[in-house]
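Okay, so chain A shows up in both of these, paired with chain B first and chain C after.
Presenting the complex of A and B:
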């Protein structure tokens, strides 16, 4: 990094001292002005308000929140909403992006052109426009709650939300939670074992399907023979809204769709770049050994492309996480939207913005940590 | 070479030809070569046909013609073009006084022409500073008025296209030099405290969403001002945009700075150039050229993201589009308004990305 060996010169001392003085001066001035302005409004910086009664409800959250909750609780619910929305959008954008990126590099005449048009349109439109246009289209075309589109009287879609049956807490729920934890663990452990066997004897044992099938069979049997009970609540129309079941607001659905297709275009470009960076000989060699297109992609090309794509993909995931903040434009209660409502009610911008920026920085650090860890795993190791 | 070629019979031109493949064979081979290809062809073909059918039907076949009376919109299922004819001035210029809208128009054209001129490589020098000083001043005078017999228009009524162009272009024009300075501050090692500040600033800004920075400008920046000074929302937004984009420019230029060979630094040092001369004459020109694709990407992204100012209540064309269909008698025609905005963005972004491709092809 350093171009010249560092030596302390008079000029360096002078410039740095001047810079630090200027910075301190600006900071002191800003803080004094903030203090004076807040004093005129009769408040001072303090985080005590977090435990006081917020008085507004948020439209959906994974933790129980009501109009009785405190500011701290609604902000936490908003942060969880941001994380959930980010995860869904990351999954959606990755799926769309990989499909479109592979299409773009295929030699299928229609596929290449469809992917090209998709990527170019997404590259040249602002995400907010996509979001607002989709939201408007959804509100205009979907029916009001009382005339919801119904699927077997179990799943309902209206211009307010998607309603579907939900599993209530019970022995069945506990079984599913235990299995959901056991499934990846056993995949990991058995995968290790299978790999060791393959390394020593060369025998190949399948892991994924047997393990998944075993768990699926136990769950299916438990449903069939009633070993555990699965209490399910169905959405039922009562008055002006549905009761029971689970609901996902139309805002969440539109946000997830808009951000997934917007970032899908950018992910597709990354995937295309990575696939094109894989040497041509790898493609020819795998076709020569008789692999099909999908086998070639899955076993030869994509594993190599992943190494190239991980660092920019990490950046992309960070962008998705930050871009979920446009949720405010359609009124979904993410962190920023809860923050602005709180600022308007309490006029505590300093405290609330510091907190929210801290949350975003923490999320970004966590994502980049995860990406770096994954990168270290997939990158080539010497020796 | 010549010794060998004398012994080897020379192949006559046209003796070896690629087998001719007819169009039908080509189509069959590419689109229906395998079961997978055929399936893909059928699925994509159906999607394309459906999309084209719906688009043509909505845009043309069952739409109300632009010259039709407004009432005819209620009877058709497709797009309502009389709405666009009626509201295009509102979408472009918002609530700027109707009779004065030629000023908004002229100001927008001025900015677009200035951008076009700045794109010419022969203008990539000190003349840009003069150009943009003049353009900025004339834009301000045209929009605000109060001089030369122009009526005063308060900044709250500046709407639509000129606001979008102003925030996007001036935001970027000011952010770029700041970004380059930040990047230089990050790249040097003589002044560690300034370097630490640059790293902290860049990473902090890049770690939070743009809306967060816009809200900082809206809520916190006015609090930092001494008593009696109030900032207009347009100004605070502009400042927030400059703060935000400069961090991204700094990141874009960093790659270029890092790729300038060490020999260039050493050669400049051995010529006795000082830091400023070395940076201005040797290092920066090479670094900027190398990071041009990244810079243009940043510009494109920043331009598109300027639309987010709608969320903090600035009226760019997305907001005026919403205004146009908030009118109760036109409330069902929001998609037409957004389509117009979309076409504007598609056209301008396409120009920007073609320019960036042309620039890349020209320098490589």
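Presenting the complex of A and C:
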């Protein structure tokens, strides 16, 4: 039976146009209603406060902010903190999830049990509880700042932060920045060349390790022979705290760990499902050709599982991004934390909540876009 | 009952009550429901802590009972609910509660919000710093480079920022929302300093394994008038304001829950000021009819809740809590404090 060609009928146009009109009407009504009620209470919606002086400090920020900054700047710093935390947690959860998911489907008795216990525990505990338990454990186990655990007097760990030496601006920093840009570009270009050679002659040339090794060797030589300057500032204990170097707060580390292991459990289940969805014949064929377990996973099974796992994984990534908002509980200055403080000072909940929702929406749409683009690349074409 | 009949009955009832209303809409609601919803801190030793039966007790809760005694004639009709700091003001603005007695600082910008009214200050507090005694710090000016833990979203954050930047002292702030996490961060040494209202610091100190190991520094860096908050309603505000004045007057006149029955029994022999406070045809009686309170409102407050000094001693002046009143702003004006009883006449 052939499919009827779709014809646009008058009735269809009528109903769809009607629905859109109704939707617009409801939206206009809602906005007008909110506006009128606020006006009656003497409140007007305005974003002017964003440029006024915020007057409070935040714990950590990648852009310079102080109590002199405006609400807009402080909120922006909070949004950046949310993005950084989300990215780290996405990487962490993916890594843990893939390892645990692969273990769960392996034939290794201990591996299967460990993965099973881990997954079940993480899927059945609330994330805030995991976060608070980890936070309390960390601050009570790690030493206070004056008795920090030291590694060669360069890296220090206390219940306040992890302190480590920082490379300051100089010729060394410039070299590293140039290399950091060249490295992925050369991997990409040489990878294509190697692929073409393999396609035409069948010869396999390794790319990743030689390229990485070359850059590492140049950097190592530049340090050894003093070609460029590497001015380094070391953390030194002065008074109440360490000065110099860089620091990563314990709340950031705890949050990254808590969200990574929590979502790792869910990612592991996705990975397991995807691996189990790969036809059995693929496993048997890989075994028959003499591939080891890891080779089988890397070359045969995971590439096929990726296609299945990408769409639900995108959903996980969005959840991770939104769940970073529990940072508020342990004092990491994410967007929600800064927003709450700002609401209490300005008493503009409608504006600030709308703004925050907009930022989360933008971040999530960006994540979604990236995942969809990746999905389009890996999914089977045609068919 | 049919929906139409329901509607008609409801309409008639509304018309009838609207006709007889003398108070503001919030007062009417309190009288109609015969209960007063009052917000307090969820867990703040001496200020509001649930007892073994889940009923909130403490200094702040007594002002909820004061309001219920004055308006409804029974302190037990106060429906006292615990709530977090940030949500309390939002709840009042959203008309989810009639009043809050929750250690909320009255500030200009907060009071400017038309959805809520600050009525009367029940406690004059100030923000300070607490440090471990082992640090050997005697003044907050020595805190250069220190890490300060503070409650998320409170005025504390602004006061700290102002105080340190005015003095050019570097510091780092950790604003931890979860109270357990915040106190643990301080007791474990993650933060060098805990900043909060000095009364709250005193309460927090008692939660440590060894309260004596912590000391509150002498600097008071802000004025924190902890003030009753209500929904905007002229009658309700007047009722709260003058109920508090009754408590102050009673203390100044040495009338307490213990002796108020005897005082009222032979009112004619009492000083004129006491007669004005409790007599039916007195100033207090006239106020009652104007504001729309039961005639014996002042008696109910003192009998069921007590005078200001009693309320203070019952919760804050106890041996374990030990918050000294003499010489502070919370003493009566006649003893050098800021508690100034306005004349009831």
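Keep this in mind: the second predicted complex is superposed on the first by the 339 of 383 C-alpha atoms of A that agree within 3 Å, B and C clash if a C-alpha of one lies under 4 Å from a C-alpha of the other, contacts with A are read in each partner's own complex, and residues count from 1 in each chain.
In this section, a residue touches a chain if its C-beta (ideal position, glycine included) is under 8 Å from a C-beta of that chain, and two chains touch if they have at least 3 such contacts.
Since the model is a prediction, treat every value here as computed from it, not as a measurement.
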First (chain B), second (chain C), both or neither touched by A:329: both
Contacts of A:109 with chain B and chain C, given as first, second, both or neither: first
Touched partner set for A:223, first chain B, second chain C, both or neither: neither
First, second, both or neither for A:140, with chain B first and chain C second: both
Contacts of A:349 with chain B and chain C, given as first, second, both or neither: both
Contacts of A:204 with chain B and chain C, given as first, second, both or neither: neither
Chain B versus chain C as contact partner of A:23, first or second or both or neither: first
Partner chain(s) touched by A:15 [first = chain B, second = chain C, both, neither]: first
Which of chain B and chain C A:132 touches, first, second, both or neither: both
On chain A, the residue positions that both chain B and chain C contact, one per complex: 132, 136, 140, 328-329, 340, 343, 349
Footprint of chain C on chain A - complex, ascending: 41-43, 55-59, 66-68, 132, 135-136, 139-140, 144-145, 159-160, 238-241, 243, 249-251, 328-331, 333, 337, 340-341, 343-347, 349
Contacting residues of chain A [partner chain B, same complex]: 1-4, 6, 9, 12, 15-16, 19-20, 23, 29-30, 33-34, 36-38, 40, 107-111, 114, 120-121, 123-129, 132-133, 136-137, 140, 293-294, 322-326, 328-329, 336, 339-340, 343, 349-350, 353, 356-357, 360-361, 364-365
In the complex with chain A, residue positions of chain B that touch it: 27, 30-31, 36-37, 40-41, 44-45, 47-48, 188-194, 197, 204, 207-212, 215-216, 219-220, 223-227, 262, 265, 269, 300, 304-305, 307-308, 310-311, 318, 322, 332, 334-335, 338-339, 341-342, 345-346, 349-350, 353
Residue ranges of chain C in contact with chain A within the complex: 86, 89-90, 109-110, 113-115, 143-147, 149, 152-155, 157-158, 160-162, 165, 171-178, 180-182, 184-185, 188-192
